[in-house]
Amino acid sequence: MNRNLILLMHCPDREGLVATVTTLIRRVHGNIVDLDQHVDAERQVFFMRVEWTPPAGDPNAGESFERLFAEEVAGPCGMTWRLERAGRRARIAVFVSRYGHCLLDVLSRWESGEWAADIPLIVSNHPDMALVAQRHRIRFEHVPVTRDTKEAAEQRQLELLREEEIDVVVLARYMQIVSPRFIDAMPDRIINIHHSFLPAFAGGQPYHAAHARGVKVIGATSHYVTAELDAGPIIAQDVVPVSHKDSVEDMVRKGRDLEKIVLARAVYAHLQHRVLAYDNRTVVF
Amino acid sequence: MNRNLILLMHCPDREGLVATVTTLIRRVHGNIVDLDQHVDAERQVFFMRVEWTPPAGDPNAGESFERLFAEEVAGPCGMTWRLERAGRRARIAVFVSRYGHCLLDVLSRWESGEWAADIPLIVSNHPDMALVAQRHRIRFEHVPVTRDTKEAAEQRQLELLREEEIDVVVLARYMQIVSPRFIDAMPDRIINIHHSFLPAFAGGQPYHAAHARGVKVIGATSHYVTAELDAGPIIAQDVVPVSHKDSVEDMVRKGRDLEKIVLARAVYAHLQHRVLAYDNRTVVF
Amino acid sequence: MNRNLILLMHCPDREGLVATVTTLIRRVHGNIVDLDQHVDAERQVFFMRVEWTPPAGDPNAGESFERLFAEEVAGPCGMTWRLERAGRRARIAVFVSRYGHCLLDVLSRWESGEWAADIPLIVSNHPDMALVAQRHRIRFEHVPVTRDTKEAAEQRQLELLREEEIDVVVLARYMQIVSPRFIDAMPDRIINIHHSFLPAFAGGQPYHAAHARGVKVIGATSHYVTAELDAGPIIAQDVVPVSHKDSVEDMVRKGRDLEKIVLARAVYAHLQHRVLAYDNRTVVF
Amino acid sequence: MNRNLILLMHCPDREGLVATVTTLIRRVHGNIVDLDQHVDAERQVFFMRVEWTPPAGDPNAGESFERLFAEEVAGPCGMTWRLERAGRRARIAVFVSRYGHCLLDVLSRWESGEWAADIPLIVSNHPDMALVAQRHRIRFEHVPVTRDTKEAAEQRQLELLREEEIDVVVLARYMQIVSPRFIDAMPDRIINIHHSFLPAFAGGQPYHAAHARGVKVIGATSHYVTAELDAGPIIAQDVVPVSHKDSVEDMVRKGRDLEKIVLARAVYAHLQHRVLAYDNRTVVF
């Protein structure tokens, strides 16, 4: 098992931060295997991700480091931080509507062991994907959502997340707006795929809008969900060329491939604990 | 010399259009070397570009074809069309402000013979690029533009275009909004480069806006200028990946390369008579 | 149902070919919906793909056109040609080894109706994918291949192709070299995906070789299989950037996404009858 | 002026290296502004680039750090390392043959201040670019090279490099093979642009070879020159899509844009002291 510890942090920039943190890791006999830092020069904020192997035979290395770090470093420097365990498998819930391509792609990655994660739950406002879930022996919950039942539906969804101890929610073309209350329960842990290169063509029907505007590239954007629609911190983004020959249907088809890839990149980076959201943007180490 | 003739046309779709046109070309003993057609299924509009070599020894092949075609085909079918001569060198005016990278790139393509075109005129609202023009022995006209003098300035610019018999105006980061009157004098013949993947980040300071939004790709868009700012028919568009490590200055630097390439692609396609603007979009054959 | 007819042809270039063909289509009251032609100027070869809707109510429009065309056009012009029916669903056999990602992606496209094709058969030299096939209710045949049994194995595979009336074989990371005899039975109808940007890194272990060479992009190539290994006509090709940070395992992971997409693009183009192989290269209309 | 110091190093991996180096920088009151490290897990080699601002008012901060570092850290750890000054403008010699596009692009970057570097020298085996050099008031030396005079020519070139105190040689489509003796005089300081995605199409006429093979992407590769032709450590690499429509001439035209961009990326990374060559590959921080 991978015993590595991963520290993600940001704080106001000041002299000696790298030395301070790495010296502490050295003191507890950790062997740094990866370190990446970034300074936002404009805002004078320091970001760092550092991953290390603790000494063998200490099952509580994480807990003791957390105590030490909080007291000696994070507190005095005013850091926002978290410590992750590389060996811990995240638990993913996939939310889906009627389009199956992103869900099927997510499941094929999970099945082939590409992601160190479990997928114990699929939630949908439509029953269409029940068979797919069943085929993979994953719990499927059909939670219909109407204007009137939305609050109750989200209540039910949050219960399901708790029951299944979900760490991250993947909106695999879920096509529903989630409420601030729902988002607050999972801050920076709901990943959406939007089928345009945001901020262009936010909202519904982006391929129709792209076709009408006559663009020569179409895109897809994966981002953390925030209260404002399609405006959360962008994790991954890519485009594919199109031409006048591409009808809206062609764009939808080409876009599907892009959506799958871009969503997977974002989820993978999140699962590797490489994403730090800050000020509605992300640092992806 | 390349004696080829190029017909560009669009009209309401109907049966037999390809056969009608190609049969006429055959009748005048033209040898088709390139034909590309497109049907906009939604609008039921037919587009075609066909290039052929007329028989040797007939210097008026273009004129006679024009007469024949107008009478027998274009009229009855309600076509919008034009006939271009491949061997005719277009005359380009480059409009520039203070940023020289697009101008220098345009000049290096012209100098190396990449474009079958002449550049007899450079116009700028600043004197900075006079030396560059002089170095290439190109007429440079400094036409300052202020809110009050804008109309007179455009009057002067239009005179210059007439004097130099300009076919196409390239706004190589000109940074000025041109008036509808100016645009009407050169419809679908003013090519601009905008430093974002439109429709995202239209208007000023797109790199600043892209940085603030935290996008993971930045783009450039080349389009025909229309009365609405940054909203004309897109000819070419491309993007380059960026990350949290890229400051606004890095984006500007990476974007410059993109602007050069995308503008050049658009101008090249225009010079090859491969672009048909229609309904605020383009068909690029 | 889509009743369109699609003609694919090539022959020595000569005057009037487009007019000749389109006039014949017009004579039989076909309405051309797509026409693309290409002249290989170096070899003086003319290529064309033309798709048209025959008049309603004539179920034998294809057969009568074939007779007419053979006699009046193809014969005299020395054409190599074929006529395809857009409405006919192709029958695909997928050959796979142990890696499931391309197979799963192919199945998800088939399942979502992205391809107008059926997949009645999966063949593998390993039993691993039997469950996947069963889940999709597709016939799975485990045909082990060793050096000694290769001839008999291919004999068996060819029988299966005949039994299931297979039109196209997709080698979805099949990892076995197929013999000239097998290839001859399905000329230009076996599509392989190779995990490098050919001609770089042909043969086995391309990701290891790419890592050792320190390249900054990795690629995937989909091509028709010919007798020479990894040297057949390329249909589609794409790349993804990598850096020193990517281990061989990272390249394998990133490459998988590329393999899926590039293979799917090639199969889609083939199914749309857009690919013409010629002189070990392809014209992809 | 930018007073930052940049340390580039690699050594066998061991515990505590980041802490050791950053603690030393802290001891001399340096403020780290950028740190990137990498471990080649396969070879167990540690790489790091760290940039810091020394305290104001100490003009010898670099020299004192070098002494300290050599004695206390680099020696004991068996490091290969160098210390660079961000504020020092590198001196570039451009070698060119008859194709001017890369040279013109390099000059336009230099002219616009994109690179913190000077270009005091252009060397060519042909006289064609003399005027371009003169226009930019750069010393131009025509050093013809024939099989018989090659040794003397390289002798002359090396003298010119010494005279002009050249730091880095940019082969901007120089089209000549340089000898091991020449390379040894400028190890990891000669940057070439090759017009293919190496290792595919090494050697001469890569666009012809790419066209003959029917590839769907063409590429360009910038690398440090080593004794083996086109086989040195790759710094940057990119590709552009092509199709059957592209003749060799079209590939040459599209390739030119790629060559300019890829060469510029490599030179920029080198000038920023971001490239570490190791074991015939590069780490580009």
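Chains here go by letter, A, B, C and D, matching the order in which they are written, and residues are numbered from 1 within each.
The definition used in the following text is that contacts are C-beta pairs under 8 Å (C-beta built on N, C-alpha and C of every residue); 3 or more make two chains touch, one makes a residue touch a chain.
All figures in this text were calculated on a predicted structure; none of them were measured in a lab.
Chains that count as touching both subunit A and subunit B, per the definition above, are C, D. The pair with more inter-chain C-beta contacts, choosing from A-D and C-D, is C-D. Of all chains, the one whose CA centroid is most distant from that of subunit A is B. Rounded to whole angstrom, the centroid-to-centroid distance between subunit A and subunit D, based on C-alpha atoms, equals 37 Å. Subunit C and subunit D have centres, each the mean of its CA atoms, that are 42 Å apart.
Residues of subunit C in contact with at least two other chains: 241. If you sketch which chains touch which, every chain touches every other chain without exception.
Subunit A contributes residues 100-101, 104-105, 108, 111-112, 114, 135, 253, 256-257, 261, 264 to its touches with subunit C in the complex.
Listing the residues of subunit A that touch subunit B in their complex gives 38, 40-42, 47, 197-201, 213-217, 219, 233-239, 241, 243-245, 247, 280-284. Per the touch definition, subunit D reaches subunit A in the complex via residues 15-19, 22-23, 25-26, 29, 31-37, 39, 241.
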